[in-house]
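Just passing along the structure, written as structure tokens.
Which chain is which? They are A, B and C, in the order written, and residues in each are numbered from 1.
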Amino acid sequence: MTRPAATHAIAIETRALTKRYGGIDVVRDVSLRLPVGSRTALLGANGAGKTTLLALLSTLVSPTSGDATVEGYPLAGKPAALRRVIGILGHQPMLYEDMSAAENLRLFGRLYGVLDASTRVEELLRLVGLWTRRDERVSVLSRGTHQRIALARALLHRPHILLADEPETGLDPEGLVLLDEVALASPGLTVVAASHRVDRVEAWATGLVRLQRGRVVEDTASVPHAEAVGA
Amino acid sequence: MNAGLAVIMKDLRLAWRDRAGWTTAGAFAMIAVLVYSFAFDLAVGDPRPLLPGVLWTTFLFAGVFASGPTVQRETDEGTFDALLLAPVPPTVIYLGKAIANLIALLVIEFAVLAVATILFGIALLTTTIVGIVIVGTAGFVSLTTLLSTLGASTRARGMLLPVLALPLLIPLLLAAVRATGAALDVEPEAAPWSLLLGVFALWSALIATILFPLAVER
Amino acid sequence: MSLLRWVYGTRWVVLPPLAGVGVMVMIIGALVVAPREAIEGDVQRILYVHFPSILAAYLSFAIVFVASLVVLFKRDLRWDAAARAAASVGVLFTGITLGTGMFWGKPIWGVYWTWDARLTSTLVLFLIYVAYLLARAVADELDEQAARFAAVFAIIGALDIPLVVMSVEWWRTLHPQPIVFRGLERPALPNEMLFVLLVGFGGITLLALWLMTLRGEAERLAQRSAALRAGLDRNEVV
């Protein structure tokens, strides 16, 4: 990444971010300052608010109160420019099962306005080891393969920030190595990934955020204000 | 624009790959026309007074039933979220679905018109009737696509969609049936039905494109 | 806003007695004060319920429309409760209008139902809001997605009404058909009749508003109990 570090020293900043769903605060008062290039593991039990926090950061869901900026763009208004710097890796692969891997990637390449789409698609399919199976329909491929295509899709438009929700789901040991290599521990990429596998987190995370009932109960990932300015 | 085209092509490709749904809708439309012919004795005597109603109720039911499943899969597979996350306006996503649905339905409808032309010996594929069918279908597809897209993420599925869509579509049904009747020379065009049809199509397209982005907010 | 809140705060004191008195005066007025209509006879007294009911229904549907806009733009579920309450009351009074209309129509026209333009569009109106209630009823009280979906449907429904009225009007008046009755034109009402009608209008409107607040409070309580249950599931006191 060639951008000057000082202007974007903080990649993700949230201020008292709260999301109320069905009468309870699924995410409550979450304030984080995650620097560029940091790799944050989001930990917590099921229902602690990890998925909702990621949905908020990805602009899929609007906050009930509080606000956040991602790479300096405010979440409110959901600017396209903000969406373009975010890559998403869900626990569901989010792929069209009646289309091939290549077709899925080409579609999202066009939606994200990737200029060199065809070379980029080839590059990524080779990276995740699926170039030879690129024209098979997604529905006939295995769960682990789906997750590899999803990984390729997440990185397709060269995002600066990767938001991942339990990305290990369905991956074999080989796939896990790949995941760490190209995504979670990839240098330059700012990562926020929810996980319930603490053993796996040590391999890539530079900081932890632990959620409990929507609140942050432990945060070793954020940097305080003063330090961020100097960084 | 490029993104819009990509969405439309994607939806058409999926409609083609997942033909089972649309083939069923087509088969349903054909069988409905047959059932009506037996029920109303269309084979005997002049079928023209009843034919517009038969055709349009068939089109409406086929359209309402067919618009659900495609959107349902999109929601279940999570791809709807993926689309919403992409840097394209939600309106584009909606238009892609609506246009793909429109094209798929028009194919079915023209097939029905062709078959009915043969069965009843009445020329149905005339310019006027084709025009009425295109405008009328655009009018109801924009609403059924909106309702089924939004309904897919709630439990409002299946049987509920016809209950929701059909009362709203009564003006369209009246206009389309009467305009088709006038085109078949069974009645004078006593009111500007074609105009109403056009107004309804514009109204529903406009309202759906305005409401869709607001409605998919979460 | 604070004035509005104050007015809303007086609802339990103001609405029940006023609505009660209004409706009672209307009933007495309709049965005793108002003169017997010369041509139609006693059955015409249905007018004093029939006409105010449809106006109350229109008022309710207007409230559904406004509340639905607020749900969509402000994402506040209190307005969802208001919209549902108003829709239930609107459906109730549309039903009363259609029902009383039938009992009025039978002796006068000889049939319970005729595909008259006004009757037909009222029936469509009824169906649209029944559909709205169904759309909302399939989901939980606190399901924001379902609330938005229902709000979209209510807005489309409201904007559809002019088209329904216009198309049905053309259909019935310009499409050849046997004439069943000669419309509702009647000479200007005598003063006593007008007075009872106005009282009926006031009473039934207040009754509708009271029912709406009751229903709305019930919806709010349902939402809050759902929220409490959700909180309990998370071992949390809300």
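In this text, a residue touches a chain if its C-beta (ideal position, glycine included) is under 8 Å from a C-beta of that chain, and two chains touch if they have at least 3 such contacts.
Note that the coordinates shown come from a computational prediction; the quantities given were computed from them, not determined experimentally.
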Compared with chain A, which chain's mean CA position is the farthest off? C
Of all chains shown, smallest offset between own Cα centre and global Cα centre goes to B
Averaged-CA centre spacing for the pair chain C and chain A, given as whole angstrom: 49
Counting only Cα atoms for the centres, state how far chain A is from chain B in Å. 38
Per the C-alpha means, the centres of chain B and chain C lie apart by a whole-Å value of 31
Please list all residues of chain B that touch 2 or more other chains. 217-218
Give me the residues of chain A that touch two or more other chains. 62
Got the chain C residues that touch at least 2 other chains? 75, 143-144
Chain B partner, complex, touching residues on chain C are 72-73, 75, 124, 127-128, 131, 134-135, 138-139, 143-146, 148-149, 151-153, 155-157, 159-160, 163-164, 166-168, 170-171, 174-176
Write out the stretch or stretches of chain B touching chain A in their complex. 2-3, 6-7, 10, 13-14, 17-18, 73, 77-79, 81-88, 217-218
Partner chain B, residues of chain A touching it in the complex: 55, 58-62, 80-81, 83-84, 86, 88, 90, 92-99, 103, 107-108, 110-113, 137, 153
Quick one: which bits of chain B touch chain C in the complex? Just the residue numbers, please. 143, 146-147, 150-151, 153-156, 160, 163-164, 167-168, 170-171, 174-175, 178, 187, 190-191, 193, 196, 199-200, 203, 207, 211, 214-215, 217-218
The answer for chain C against chain A in the complex is residues 75, 140, 142-144, 223-224, 226-228, 230-231, 234, 236, 238
